[in-house]
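Chain lettering (A, B, C and D) follows the sequence in which the chains are written, and residue indices restart at 1 in each chain.
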Amino acid sequence: MTTVAAKPATMAQALTRALRDAMAADPSVHVMGEDVGTLGGVFRITDGLAEEFGEDRCTDTPLAEAGILGTAVGMAMYGLRPVVEMQFDAFAYPAFEQLVSHVAKMRNRTRGRMPLPLTIRIPYGGGIGGVEHHSDSSEAYYMATPGLHVVTPATVPDAYGLLRAAIASDDPVVLLEPKRLYWSKDSWNPERPSAVEPLGRAVVRRSGRSATLITYGLSVPVCMEAAEAARAEGWDLEVVDLRSLVPFDDETVCASVRRTGRAVVVHESGGFGGPGGEIAARVTERCFHHLEAPVLRVAGFDLPYPPPMLERHHLPGVDRILDAVGRLQWEAES
Amino acid sequence: MTVMEQRGAYRPTPPPAWQPRTDPAPLLPDAEPYRVLGTGRADAADPELLRRLYAELVKGRRYNAQATALTKQGRLAVYPSSTGQEACEVAAALVLEEQDWLFPSYRDTLAVVARGVDPVETLTLLRGDWHTGYDPYEHRVAPLSTPLATQLPHAVGLAHAARLKGDDVVALAMVGDGGTSEGDFHEALNFAAVWRAPVVFFVQNNGFAISVPLAKQTAAPSLAHKAVGYGMPGRLVDGNDAAAVHEVLADAVRHARAGGGPTLVEAITYRVEAHTNADDATRYRGDAEVEIWKGHDPVALLEQELTRRGLLDDDRIAAVRQDAETMAADLRARMNQDPALDPMDLFAHVYAEPTSQLLEQREQLRAELAAEAEDEAGAGSGPGGTQR
Amino acid sequence: MTTVAAKPATMAQALTRALRDAMAADPSVHVMGEDVGTLGGVFRITDGLAEEFGEDRCTDTPLAEAGILGTAVGMAMYGLRPVVEMQFDAFAYPAFEQLVSHVAKMRNRTRGRMPLPLTIRIPYGGGIGGVEHHSDSSEAYYMATPGLHVVTPATVPDAYGLLRAAIASDDPVVLLEPKRLYWSKDSWNPERPSAVEPLGRAVVRRSGRSATLITYGLSVPVCMEAAEAARAEGWDLEVVDLRSLVPFDDETVCASVRRTGRAVVVHESGGFGGPGGEIAARVTERCFHHLEAPVLRVAGFDLPYPPPMLERHHLPGVDRILDAVGRLQWEAES
Amino acid sequence: MTVMEQRGAYRPTPPPAWQPRTDPAPLLPDAEPYRVLGTGRADAADPELLRRLYAELVKGRRYNAQATALTKQGRLAVYPSSTGQEACEVAAALVLEEQDWLFPSYRDTLAVVARGVDPVETLTLLRGDWHTGYDPYEHRVAPLSTPLATQLPHAVGLAHAARLKGDDVVALAMVGDGGTSEGDFHEALNFAAVWRAPVVFFVQNNGFAISVPLAKQTAAPSLAHKAVGYGMPGRLVDGNDAAAVHEVLADAVRHARAGGGPTLVEAITYRVEAHTNADDATRYRGDAEVEIWKGHDPVALLEQELTRRGLLDDDRIAAVRQDAETMAADLRARMNQDPALDPMDLFAHVYAEPTSQLLEQREQLRAELAAEAEDEAGAGSGPGGTQR
C-alpha cells in the first residue's frame, strides 16, 4: 500500500475534485450553468468535466439564471442531482423566485414526496478587485428562506467535504463559495480526500479562553489572523467557523461562548439585517447569564458593495475585529 | 470544440454568406385558428375519441360547477373555474401517454382530474389543506403552480432529463395568456428549443389575466407567433373545438416524442366565469361579450357534431350526464368531510430531517397544544372544571 | 370654517386616499401594476384612480413583475414618481434583481446624480386564509438590502402618512402593506388627513413599565391585545410600533428598553434570519447593562408559510407573546 | 370599459371570425442581413456621414487598443473590448439626436465615448473607482449596465415617460446575443410593444456570450425573428458595415420618433478579442474563425468604400489617425493619474440623507482613518517617531 503525502492544494482544486468524484460516483449528478462546459467556468471550477463526462453531464446553458435553476428543478424532479453554478453572487438574483417559491418549498408543499436534491454553487464576497455586482455577500437572503441549507467553506478540505455533502443531500443546498479564497492553499491529500462532512456542524478552528470570534467563509482567515495578533494584547481568542448557516450549530457555538463569556460575530456581509443579527440574538438568548458583555458584531458597512479602490475600508479587517474585542467590557474583569 | 463544430447551422462566416439557422417559414402558425368541428375535417375524426372527449367535457363542466358551489359552502377557499375552457383542459390530459408528465397552472385542476388524479386530492390546495394533495409521481402530474409561468422551466428540465436517460417521456406544460408575459416563459421556451427537449407548451388564451385583456398584454399577431423567435413551430387552434385541440396537441406530442423538439400551441378560448369566485368580472367586461362566447361553447359544439354524425343518442347523453352527477355527488360528499390535519406535520417536510431549530419549535407547539387540550378537557368537564 | 368630524375609515380607504391626494398634488406620480387600472387592484386600493386620472397615470401593465419594476426605474430616471403595486408578497420575487441591483443602488452608483423616487407597495403577511404564495412576510430580504427604505403601517392614519411620505421621498421605498389589516377601521378624518410622517420614526403605541414589546405592521394589534391581557398577570407592557424597519429608530426603541429593562420582539416573519435577530442584537448592543433578561423573540416558525388550515399555529398570537414575557426572568426581580 | 373598446384589434368574437392583431408579414426580418458597403446601395450613401463614421471607427479602434493596453499597465481593472464591433458602437451613438437616450451594456463604452462622454469618465467604473463616472443626464447616457439585459426595461420606461410628457425622445438600448436569453429582454420588448414606446433594441450578435456560442444560446432563425412575437418589426443587418448599421438604426429611430413604436435590430458581428482581458479565448474557439472575421473588418470595409468613391485620400487618413492618436495619448496620460478618492464618500449617496446607522459607521471609519494617519505621521517622523 503506497502512502500518498498531503500536498498543498487550492480550494478551487478541491472543489473541482469534489465535482469530479461526485460525477464519477453517481451518474445522476449533472453540472450546469453559464460557461461551465468548454471554458470550465470563469473560475475554472468545472475545468475538464465536460471533456471527461460529456456535454450532457456538464452543460453550457443559455444565459438565463431563472431558466437554469428552473430547468434544474425539473431535472431534480426526474431524479437527477443537478449542480448549478451561478457565475457571481449578484447574478443569482434573477433566479430568486425559483429559489424561494419552488426550490425551498417543493419538499414541504408535496409533503415530502418531491424532494429536490439540488446544489446551487454561488461564488460570493469581495476583496478581489471586482467591479460592481461581482462582490456581493448575499447569505442573509438565503438564511431567511426556510427549506434551504446554506453552507460555506473556509478551508480546502471543507470545500471538498461540504460540496460532496451538498451533492449527497436530498435537500437543496446553497453552497456559498468564498471566491477570494479560491486560490488559497492548504495541505490536503486529493488522493485521500477528507471524509464527507455532515452538513450543519461548526468547528472550533482555534481554541482560546478570552473571547469567541464567531465567523464563517471569507472571514475565517481574517479572524485567525486577528486571533494571532490579539496575543500581543494579552487576549487568547477562540475562533468558531460555522461552516453551515442553515442548519445552525447552536451547540458548538454556545458551548464556546459559555466557556469564554464574550463573543464577536464577524462577517463581510452588511451588518444591518445581516447574518450577525441572528447569530448574536440566538447566542444571547441561550447564553445570557454567561455573557460578560453584549455580543458585538463586526461586519461590512450598510452600503451597496463599494468600488474596488475603496473596498478595503469596507471589509472587516484585523484592526476592526481587535477594536471590537477591546470593547467587550474588560474593565468588568478587574 | 469551436463554434464551427457546434450542432445547428450557425456559420461564423461573415454576413455575405449568412444563412438563417432554421427556415422560419414552417415555424409560423396558420393565419386562422385550426378547427375541426363544423368543418370538412370533422368527418375524419375518430368517433371513439370524439365520444370520449364528449364524456370528459360533460364531466368537466359538472366538475367546474360543483367546485364553484363548494366555494359558496365554504368548503373551498377559492376556485378558479375553467368553465368555457373544458375542451383545452380535457384534451391536454387525454393526449398524453401514461409515462408522460403534465405541468398544470393553478387554473388547470380539471386537466389534472381528467388525467386521473382524485378530484379531492386535486382540490386539497384550494380547500386550504396541505399544499399539494396528490403525489406528483403517481400520475406524473406536477404540483399546481401558482407563481405564473414558473412551471414551464420545470417541464423543460424534466423532459430534458428523461431524454438524457433515454426514456420515452413528453412533458406538456400549461400556461395562460397573461403568463406568457413573464420572463420564465421566455427562458423556458428558449432552453427547450436549444436542448430540443420533448415539451409541448400549451397556452390557453382565454382573453384575460384577471381583469387585463389581451390587448394590454401583448401586441403580437398571436401568442403562437412567439414560437418563431425560439426556433420552434407555433400552432394556433380554436380552443373551444375539442377535436381540433386534441389533434394539434397530439401532433405536437408526436413531434416531441420523435425527437423533433418543442412546440408552442395557442388555443383561443374564453374564461366564461369570473377569474375566481372572489373576483367581480362586471368591473372589467360586459355581458354581451360573454354571451357571444357562450354561443361558441365547447360542450355544445361537440354535442352538435356527434349528433350530426349519429354518434350520440339520448340514452348516451343521459348516461354521460349520470356519470358526471355521480362524480359530483362523490366530490361533494367527500369535500364536506373536514380533513384531519396534524399540526405536527408542519415540521415534518421542511427538510429531509428536521433541523434542531425545527425540533425545538415542534416541541414548543406540542406543549402549547397539550396545554390547550388540557384547558379544553378541563372546560369540558363541566361547571366544576378549571374554566376561568 | 366647517369642522369635519373624524369617522371610522379602513386602512384600505386611507391608502386609496393617499394615492389620490399624491396624484392630485403632483402630476409626476404614476401608479402601475397588474390589475390596478380598470379593476382597481385585487384589494381595490387603486379603485377609481384610472377613472379620475386616466389610464396613463394609473396603468394596467403586462403580467411581469421584473418588467413592471424595470420600466418604473426608467420612468423614475426621467423624473416621474412611479408607485408600483406588487399583487402579493411572493409575486414581488421575480423583480428581485431589479430591486437589489438597480433600485437600491442607482443613487449610490451614480454618486447621487440619478436618484430613484420610487414607491413599491407590497401587500404582505398571512392570516387571510390565502393559498400558498399569498401570505409571505418577506421583510428580511428588503431589510438586508442597503439603499431601500422599508416601512410598514399598523394603523389607518399611518397608512396614509407613510404612503404619502414614501411617494414624497427621493429614495426608493418598499411599503409593506399588512393585508390582514386592510379592512381594520380606525377613527380618522379623511378630509383632514394626518400630517405626512417623516420616514424612520417609531412610535410608542402604549406606555408601560414592565417590559417592551417591539413590533411592527401586522403584529402591532396582536401586541396591543397581549398588553391588555398581560394586565391580568400583573405586567404593564409598553408597545413600540417601529413603522420603519429601514432606517431604524434606535433612539425610540432603546429609550423604551432602557426604561423597562426587558424586551420581546414580535413579528410574523420566520424567526431564523428574520428582522427580530437584527432588532434583538442591536438593542442588546446598546442597552446591555439595562437588560434584566435577554431580548426574546416571538416570530413565525422557520417554515414555508403553512396552509390556511394550519396558519393559526404558525402566527404569533397573544399566548405565545405572554409566554415569552413570562420567560423574561422575573424571578431576578424578587 | 370592456375589452372590445380597448385599443388594438383584439376581437373577442369566437375563432370563426378570428383575425391576427397585426399582420405578421412586415414584422419579419429580411432573409439576409442588410448591407450597404460593397453593394449597389453604397453609391447612395451620404459622403459626409461616411466620412464621419470612418473617423469615429478609426478613433474607436484606437480607443479599444488603448483601453486594453491600460489593463496591462494595471490602470484598468478589466476591459471588455469592442474591437471588431466598432461599426455597431459608433453607429449607435451617431444615430441619436441630442435629446435622445443611450442605454449601454457593459461592453459599450465605445458607444458612450462616441456619444460625447469623456473617455476617462466612461472608464471610471472599469478602473475600480466610483461606479459610474459620468453624469447620466449630461449626455443622456444611462450608467453602463453589468447585470445583463436589465437596462432594457429601463430604456422602455424612460421612453414611455418621455412620450407621456410629450417630449421628443427616443431611447436606444444595447444588448448582446447572450443577453437576449434573459427574462428581462422578453419583458422589456413586450412592454415596449404594448406601450408603443419609442425605443430601439439593438442586439449585437457577436457570436459569443463569453465562451458560449450562439448555437447554444438560441435555435431561432435569427435573433431578429424574435420581434414578430412582440408585434414589432425585426431588422437584420451586417454589423460590420457601418453604413448599413447606421441606416437601419436611423430607420428604426425615425419610426420610433414618429410614434410607430419599437424595433428590434440584430447586427451580425464578431468579438475579435477575448471576452475581456481576463479571458482566454483559445479555450473555446480557433484562430481560423477569428481570421475569417478579420477579413470582414468594419474599418477596412469602410475605408475601401471611401477610397473607391474618392472620398478619402492619404492626407485625410493621416489626419484621422492623428486625431485618434491625440485622443489615445490624452486618455493614457489622464488614466495614469491616480484618482483622488475620499472614503467618506462611501456614506454620502446610499440615501438622500445618511441614516443614523450610516452616520455612526461614517464616524467609525473617520476615526480609524485618523488613527491610521496619526500612525503614519508618527512613522514618517523618522527613527525617533512612535514606530512600533
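Everything that follows uses one rule, which is that a residue touches a chain if its C-beta (ideal position, glycine included) is under 8 Å from a C-beta of that chain, and two chains touch if they have at least 3 such contacts.
Note that the coordinates shown come from a computational prediction; the quantities given were computed from them, not determined experimentally.
With every chain reduced to the mean of its CA atoms, the largest distance from chain C is reached by D. Judged by contacting C-beta pairs, the busier of the interfaces A-D and C-D is C-D.
Chain centres here are Cα averages; for chain C and chain D they lie 39 Å apart. Put simply, the C-alpha centre of chain A and that of chain C have 31 angstrom between them.
Centre-to-centre spacing of chain A and chain D amounts to 35 Å, using the average Cα coordinate of each chain. Listed for chain D are residues 1, 130-131, 147, 181-184, 186-187, 190, 194, 216-218, 284, 345, 350, 355, 357, each touching two or more other chains.
Across the assembly, chain A contributes residues 38, 61-62, 64, 66-67, 90, 93-94, 97, 101, 105, 108-109, 132-133, 146-147, 246, 248, 272, 302-304 that each touch 2 or more other chains. Those residues of chain C that touch chain A in the complex are listed here as 66, 90, 93-94, 96-97, 100-101, 104-105, 108-109, 132-133, 140-141, 143-147, 246, 248, 269-270, 272-282, 284-285, 288, 293-297, 302-304. Those residues of chain D that touch chain A in the shared complex are 77-78, 125-126, 128-131, 146-148, 178-179, 181-184, 209-212, 216-218, 283-284, 339, 341, 343, 345-347, 350, 355, 357-358, 361, 365, 368-369. Only residues 34-35, 37-40, 42, 60-64, 66-67, 90-91, 93-94, 129-134, 272, 301-304, 306-310, 313-314, 319-320 of chain A touch chain D when the two sit together in their complex. Residues of chain C that touch chain D in their complex: 30, 38, 56, 61-62, 64, 66-67, 69-80, 82, 94, 97-98, 101-102, 105-115, 146-147, 149, 169-171, 200, 246-248, 250-251. Taken in their complex, chain B has these residues touching chain D: 1-4, 6-8, 10, 12-16, 18, 20-24, 27-28, 31-33, 35, 181-187, 190, 193-194, 196, 207-208, 213-222, 225-232, 238-241, 261, 268, 270, 284-286, 288-289, 292-293, 295-296.
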